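Per-chain numbering from 1; labels A, B, C, D and E assigned in written order.
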């Protein structure tokens, strides 16, 4: 029984009217109690995917199974076990208190309501004394966002879906939200699905981060994506010219010239000095860049170095030991080295 | 002449109806061509301040001088030299093209309109072919945000004010926006005022970042803020207990027990090993922590290390040389050292 | 444009008249106007309203001539100097109608008797109560019968509406009412000759319903077309026109008796 | 001209001296319009919500029909309802003709299109995020309807006020179905029509002012209610 | 009952055989309502915008007044306008009595409160961010008004449709000011009143259907226009 995933998606397709965008997910599953992060560029399809998972939209084709049964949007019990914080939070034209209480009220769970609302407001860093009786429009952007979040947290759903929960929230509150969500997951084994552009924050709540890109789930978020155009070279390689004029080579041919290449951060080697000659090295790509950011990957405890290759940003995953021996810091000039065969196509 | 600042604020007060909040700025000036960043917690007053600077609201008390003359919101020419991107972007219920063109249309600048709109859409990373004819609601969150930005950029104002411009924008677009804004400033000496929670991004566009907190401008953004409660110690010092039980001391007494202390990142020394004994060291505070993030400060080229002191985050500014010799990386355990007299009160 | 175009005439040939609903509703004016126009070149345009309102329109100089049926009010009107040249044209008569079974047994009585009987038996009676010619006549009859107007009596239904609506209300409530004959004929026809209310009292002298023409006083209203009004009055009294009025039939029944030359 | 001033003076007189006929008409008007408002709001707001909230095939056609019915003349409604409530009509048994409930029934039909159309517009004009928000928070069926109407409460209130204005000012139905029977079904508007027909223009104006005073009082009460509820 | 069916049959007859009297009334109705719509929208939409957009002392009172005027009975407007356009009145010179422009003038007054109130509500219901956005983009004065009304275009359109329904279905003004003069100022509604007064109920119903057909056609044309413009 515990083997059935909470969500199983089968050949899902969703299209907007007279839009070119197509969300297409051949196969995807989310386990009970998982915490999934979703990243990807604007317009990639994150919100669309989340809305379908939140049972707010029906796919045009394909099936979504929730808890082993086909999703049925007329099934109120099923719908009520999922809640979603929308990307652009909307508050009901009522007081903050009424906004937060609404989810419980429609469920007719009116016992200890005041106490619960106050507790939840505390969780998102809004002292009830000061905020409970405010009207919906008497809030700053980040405060409104947190009221919207509180109105979801109070429901204590089986699945909590959040679309950009920290978009206009200050750093202290982002930590509060992280803590609130993590506490909830520990207590109730809540399944969490979060889309965010803040990868660093996302890594603190999600155990697995997927990238959604052009309507597809294209693998793990950490993969670097390298745009075309790709042009054939005489020696059977394919070449991309970087913004600053350096070049990058791929050994396998792209689907078409505009295809996107994926590069696993672990496949990138860093060097402080340019290796002399290409003979002593099996890697074809040696590209000059600068370290811009160093952070730690939460689950692997490895170091993630963000490197600017004259306009293109790539991330390299290296061990602590390697990082220490390299003496890198933000601002350090560095060489990025990887095989032409490391580039995969989407 | 060129000595008059573009903005001069004199004893400004602004209050919301039946709200406790008071924006109070005794004195503040912004030079022509400056690029000012504003950070601060939710509800600090950033949006309120920006709206007053954008001539969208009148202060209750005090005066704002723009370009040497008192602000007069009935002066259309003055109002039209400033534009603001609102925190929650609102698009007119028209096509993307019409949204971007609107600012020029109301100014009756219809020459080369199509060309200008397309160029501006390119600047924010929205190919006109694909987006110009979309209706306002056929956009993802980040796309809508960028359309709103384009409709401000096209006006080519003397002052560009942006409230959270990158809130729901992907990383690539954040870079695009930075470039667009910087190009504009170089070409037209545009004055820029930006509020953002993304300090790293903010540092790439702003030359000076202020912190707005509880309705006041409390100094430079980079200062660490340390909350109370502060309790008196027998030896004349004041003590704060950190979340993990470590303690921090202040030599000067706080205004009240809940006062906030400011700590300049440059006043913090880092050490890999605990200095033995306190005798050999003039600093009273030696606190254990972990490095979480390393980044580069754009203008100073120094390294900013974010350090987690068991729940409290502080930033230390160190030289590249020091950073190199310390061999720090995200995840490295570290000791944070500063004098009890380094803490100032707001 | 249909209609409007074919009737376009110069403004100086337009005669504006205020009249009561009965002359319009029966179709008499539709029957006379084309002949009048053919013979005099004058385009007669009328508004059909309650008698009181018709007099008021004349007072305000908004019409040139009146064709109304409330002799007492008319005389007062002329006496007040609002109108001139009052001339009687024709009459028709009022009848009392009521349920076929005639619960108060008024059939064949005189008008005064009828009211007395109904009042004493508290039979349902519908009154127009709108100061129209018909209503004024009814009030005269109450006065003659020496019964105060039973304003608040539950059996006395004051409709404040036109004649046909009052008859309709009377039929719905099985009440008696007093009506001009023309409207009753219409009503009878609407019921295809088998109406719930039938004529019970008729022919009494006091049930005569006199119509007159009054010109609006040009001394008070310099704008009125007194000459056209005089032409209309003269035309209405022509023997030929009087004959025409006598020949006018609604559903085969003569409605108006011309009496311009009666003393 | 002067009858307007006369009318104003008479209106004050009528109101202050507690003129019996006038107050009878005021109460008839109040009764009829209250009943018709209850009927039309109870029916119209839910229908308006359905029409504004849901997309269904034929929605546009229904919408166009409702908008067309905004042009229903009162006399036609009167004729139509008369056919049903006349003692020979299918509802003759109920004896609604020449009664206040009869007027209210016909007025309900008259103003229903106003309530439906304006409520639908109010619901349609709501922020698109509301729908997802309510669903995400677990509202269902009637809860969604109630919350949506509460969000649009101001516009729905104006729909009600507009409908009320229409009901209270109509005369054709009150004449046809009510019969304008003095002391029983004479409303302010039928009284105005009667007085005007009699040539008593100043009395018509006076009663018109009485009617507007009534409408103002009702609106003021609603405003107070509104303030309390928000 | 049966006169309803008869009426439907006669309506078709009237429309198909091009009955002269009917078409004359249709044209009078169209002319009067078109003129009154132009007048009331040209005046009412700007006033509605001002009332909905700006905060000023006394705003609530003005709002309450406009809402009260929604209950203006047509006869009262008729009486009021008659006082002005009667030969004895201040506008007597203009000879508006018993003319279509006279009807249109009075109808404009009648529906103005509807246009103002519903436009104000539409503008008030707009997203609060619109105002700052327009100002930030440099719109001023009239530009702000036009853009706001365009944002609320759907609700303003319904305001117009509601006002149109009111104008086209009213009878008191057309009677009082128009005079119901055959071939000249007889509108569909005064014709209905006349026929009904004569007891010609089926003809009343028939003309009612003609009126609704007219209203439907006008609405359909507006809908097509709307589609084009969005």
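The definition used in the following text is that contacts are C-beta pairs under 8 Å (C-beta built on N, C-alpha and C of every residue); 3 or more make two chains touch, one makes a residue touch a chain.
Since the model is a prediction, treat every value here as computed from it, not as a measurement.
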item	value
Graph distance between subunit D and subunit E, where chains that touch are linked	1
Chains contacting each of subunit A and subunit B, listed by label	none
Chain pair, most C-beta pairs within the contact cut-off	D-E
Rounded Å distance, subunit A centre to subunit C centre (Cα mean)	87
Centre-to-centre distance between subunit D and subunit A (centres being mean Cα positions), rounded to whole Å	54
Between subunit C and subunit E, centroid-to-centroid distance (C-alpha), Å	34
Sequence positions of subunit D contacting 2 or more other chains	127, 176, 193, 196, 201
Junction residues of subunit C, two or more chains touched	49, 165
Sites on subunit A at which at least two other chains make contact	88
Arrangement of touching chains [line / ring / star / complete / other]	other
Chain-chain contacts as defined at top	A-B, A-D, B-E, C-D, C-E, D-E
Subunit D - residues contacting subunit A, complex	127, 129-130, 132-133, 135-140, 143, 147, 150-151, 153
Subunit C contact footprint on subunit D (complex, rising order)	86-87, 97-98, 175-176, 179-183, 186, 190-191, 193-194, 196-201
Of all residues in subunit D, those that touch subunit E in their complex	1, 3-4, 7, 60, 64, 67-76, 78-80, 82-84, 88-90, 113-114, 117-118, 121-122, 124-125, 127, 152, 154-155, 158, 161-162, 164-166, 168-172, 176, 188-189, 192-193, 196, 201, 204-205, 207-208, 211-212, 214-216, 219-220, 223
Residues of subunit A that touch subunit D when the two form their complex	51, 54-56, 76, 79-80, 83-86, 88, 90, 92-94, 102-103, 106-107, 151-152, 155
Complex contacts: residues of subunit B adjacent to subunit A	16, 18-20, 40-44, 46-47, 87-88, 130, 134, 138-143, 146, 163-164, 167-173, 175, 197, 200, 292-296, 301, 303, 313, 320, 323-324, 327, 329-331
